[in-house]
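Given below, in the form of structure tokens, are the structures.
The two complexes that follow have chain A in common; it is paired with chain B in the first and with chain C in the second.
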Partner chain A sequence: MELLLQQLANGLVIGSTYAVVAIGFALAFTVLRVINFAHPDIFMVGMFAGLVGAAQWPALGFAIAILAGALGACFVGFALERAVIAPLRGRDVLMTLIGTLGVAICLQNGMALIAGPDPVAYPALLPRQFVDIGPVALTLRQILNFGISLCLLILVSLYVRRTAFGRATRAIAERPDVAAAFGVNVARICRLTILLASSMAGIAAVSVGVLYGSASAFVGLLYGLKAFICMLVAGNRYFEGVMVVGLAIGVIEALVTGYLSSSLRDAAAFFVLIGVLYFRPNGLFGSYAA
Partner chain B sequence: MNFASMTPVAIFTLLNVAMALGLYITALSGQLSMATAAIAGVGGYLAAVLTVKFGWPLLPAVCLAAIAGGLVGATLALITLKMRDFILKLTTLAFGEALSVLAFNWDYIGGANSFTGIGLKTNVWTAAAAALIAFYVAWRFDGSRLGFACRAVRDDPLAASAMGVSIAATRTVSFALGGALVGQAGAIQAHYVLVVSPHDLGFFVSLNFIIFLLFGGLQTLWGPILGAALLTILPEALRFTNEYRLILYGLIIVLVVLRRPEGLLTRMPLGSELKVLGFTLRPARPLADTPADRRLRPLPTPLVQPAKIAAQ
Partner chain C sequence: MTALLQVKALAVSYGVVPAVDGVSLEIKPGELRVILGANGAGKTTIIKTLFGLLRARAGEISFNEEIDLLRLKPHQIHALGVAWVPEGRQLWNTLSVMDNLRLGGFGMKDKALLERRIEGMLERFPRLRERHNQIAGSLSGGEQQMVAIARALISAPRLVLMDEPSLGLAPLMVREVFDLVREINAMGIAILMVEQNARQALKVAHWAYLLETGRIVESGPAAEIASKESVQAVFLGGHA
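So, the complex of A and B:
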């Protein structure tokens, strides 16, 4: 029973990061009809930007790391939108997929060139301290990571549901041409969406870097594939669905690791994907057409 | 750069050309399969098991691998027949990953430790034979009745079926034929790499072949050949740039996608005539209202801009 609760808590912590990255995928796909394969590497850039920020101003600690991570990821997202995604608007989904994949290759190998191919130690911004919550023991870093991810998810949900920009975002997701005819500035919302998704990924990346104490140029691959699966399983119509599925896949992975074997951990997400796509090809909560 | 270092590059180039042609045939009926690496892996595993565990010679093993690849392709086509475009791609992706997971957990073929102990049976000429066979099949298929039926299905399934073209039949045949070519190339590759691992079946390996196709251009047979050859040789040719080479590789992909979104080779690339030393190599072509031509010449704009209406 204690193992179950402990693995549930660990799974929720990992799943919350999956959910944040998956929301970035889903935002880019619904609003721009782009499968943004550079998104996991924007996450990676955010992680390193946070590292640099924390090293520059160690006195300010965690806050400056978060800020630097968000800004670094935002900058890359902005450049990506300007240079690759906007010129390819209206082209086949696969063309932008390959364009963003080229950017992803550049980012990964560029960062491996700057920071070295091996993982780099992350500054210890938080003490390694255990906190007991009932029968479950979590580290302070895990709690912080989960809290930050949860805050981001709640904020993006409020943004999409309650603000004028969010309403415009949903309108574009539904029908870009009709939204434009009703006075929505489609290009601006597209830019804003990429910036939002990127800065979320950057903030989550800093908290993940603090959690594991290391940053690697190839960390994006790990989170990217899982987040992509989360988006496919949930479908991209409801962002809240993507969040729930992200948390669920984290929990499933943790349970598989705890009760079966850790070698089956990566396979678990794919079994979920195949099973869901077989019965509900549009994902659990429905998808927009490509 | 001596000849010995060229041989592996030549072999991989030829095998990648063969697989890209297989994917080209599959894509001719309008659906881009994301399970190419998985089908190649099926061929590789099957041929490797036959030669290692049953002592078969290479040729029959490769033939059987081609048949198996064709069967897997046909199965994939039948599963996805009724699916819409994007969902179909995702299903082929999931299918490939499912095969990868299966290989991962099947101890008879090595499981997570990969299938090892394969004898070296491939040289440049075997690879060249695989590429030539693939080229011949793709070339004959491209100009055949069935090839035209495939293009009709790709361009407009409704009109094609109204003209009596069976969507199910053309799609199954193109998936099976493409799968067979990919299967044989995968079998030959397994006897050069000497290891088949479950990771070779995954999505990111399949993505390489899709990049070959879109980079070279999907409109002609020569596009995939050029794309596969260029993108296999390029990382090796850039080796003198050391650590920058993969960055350059990524940049080149981005630039080509931005500058030539239809791929490097298109059926009729320019509207202007091409002259060399006074000889007209290609006559001028009237421009049409297609995306490729609209980039060459500004078409007359409508009197009221849609964007202005939106702004008011």
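So, the complex of A and C:
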């Protein structure tokens, strides 16, 4: 029982990060019709931007790292949108896919050139401290990671449901032509969406960097893959669906690690993907027609 | 009176296939004109091109005789006072009725005015008030058409482009929609409607165009068009 609760808690912590990255994928895919393969590497750039920020202004600690992570990722997202996504808008989805994949490769190898190919130590911006919640023991870093991710998810949900721009974002996702004809500046909302997705990824990345105490130029791959699976499993109709699946995949992985074997952990998400798509090809919560 | 919207020799093609080939038409403020034509005649293509959603191969489209619509983006065209009731409603099905109406006035700066206009629409369509929190996809076809029309009117447009408003509706609902079209026009809003239901459309319209495979083959006052033998044979013939 204790193991179950502990693994549930561990799963939610990492799942919340999957959910944040997955929302970034889902936003880009539903609103811009782009499979943004550079998104995981924007996450990675955010992680390093946080590291640099914390090193520059050590007195400001975690807060400046988060801010730097958000800004760094946001900047790369902005450049990506301007240079690759906007010029290819309206073209075949494969074109932007290849374009973003190219950017992803450049970002990974560019960062490997700067920071080296091996993981580097992340500054210990938070104390290494355990907190007991009933039978579950979590570190302060885990709790903060979960809290930050959860805040981001709630904010995104409120944004798309309660604000005019958010409603326009969903309107574009479902019917871009009609949205444009009702006065929505589609290009502007698309830009805003990429900036939102990127800065969220940057914040989550700093939090994960602190959690595991390391950063690597290739860290995006793992989170990107899991997040992409989350989006496919959930379907792109409801952003909240993607969030729930993100958390669920995290929990499933933790349970597999706890009860089966940690070597099977990374395979779990793929089994979920195959199982769900076999029975519900449009994802658990449905997808917009292409 | 000057034309509100003027289309000259418009040509649009999908790849090499011409969909609209040299169409000229116009509509004056407060008028109700209809384009009649069968499936595939190019009706929807004309409307989408007017809105900047499709690119014209040749021709001119001017608004108020001075603004070149072909150079504008859809949201800029909407800002001129042009609204759209798309074919098959095309509501945002995952959004609530209220959110659909709010998006109808997305460009409005005055949010209090927007709320008043929405309130006015709910007043006019009590069925929508009952369902204002439901997602639009769960409404009946008739109710969806009302949302689509209300959504178009929220921004107080000068011209409404209606694409087959009666399509797929029950006969009783069809009559209600045409009554509504007349009511909107009586408010002084110009309407350019595209229809297959020629009998009903010719009753409400002032002027009619007949579109066949991308070309206008007849045009004239609706009553005159309705009495033409060729039109009777093609569009009105057979059943009463």
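Everything that follows uses one rule, which is that the second predicted complex is superposed on the first by the 288 of 290 C-alpha atoms of A that agree within 3 Å, B and C clash if a C-alpha of one lies under 4 Å from a C-alpha of the other, contacts with A are read in each partner's own complex, and residues count from 1 in each chain.
Just so we're on the same page, contacts are C-beta pairs under 8 Å (C-beta built on N, C-alpha and C of every residue); 3 or more make two chains touch, one makes a residue touch a chain.
Remember, predicted model here, so these are calculated numbers, not experimental data.
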item	value
First (chain B), second (chain C), both or neither touched by A:M1	neither
Which of chain B and chain C A:I114 touches, first, second, both or neither	neither
Between chain B and chain C, more extensive residue contact with chain A	B
Which of chain B and chain C A:G183 touches, first, second, both or neither	both
Partner chain(s) touched by A:R175 [first = chain B, second = chain C, both, neither]	second
First (chain B), second (chain C), both or neither touched by A:A59	neither
Partner chain in contact with A:F270 - chain B first, chain C second, else both or neither	first
Residues of chain A at both interfaces, chain B in one complex, chain C in the other	180-184
Of chain C, residues touching chain A in the complex	48, 51-53, 73-75, 77-79, 83-84, 86, 90, 92-95, 99, 102-104, 106-107, 151, 155
Contacting residues of chain B [partner chain A, same complex]	32, 83-87, 90-91, 94, 97-98, 100-101, 104-105, 112, 203, 207, 210-211, 214-215, 243-244, 246-247, 249-254, 257-258, 261, 306-307, 309-311
Chain B-facing residues of chain A, complex	83-84, 87-88, 91, 93-95, 98-99, 101-106, 108-110, 112-113, 180-184, 225, 232, 263-264, 267, 270-271, 273-274, 277, 281-282, 287, 289-290
For the chain A and chain C complex, residues of the former touching the latter	164, 167-168, 170-171, 174-175, 177-186, 237-238
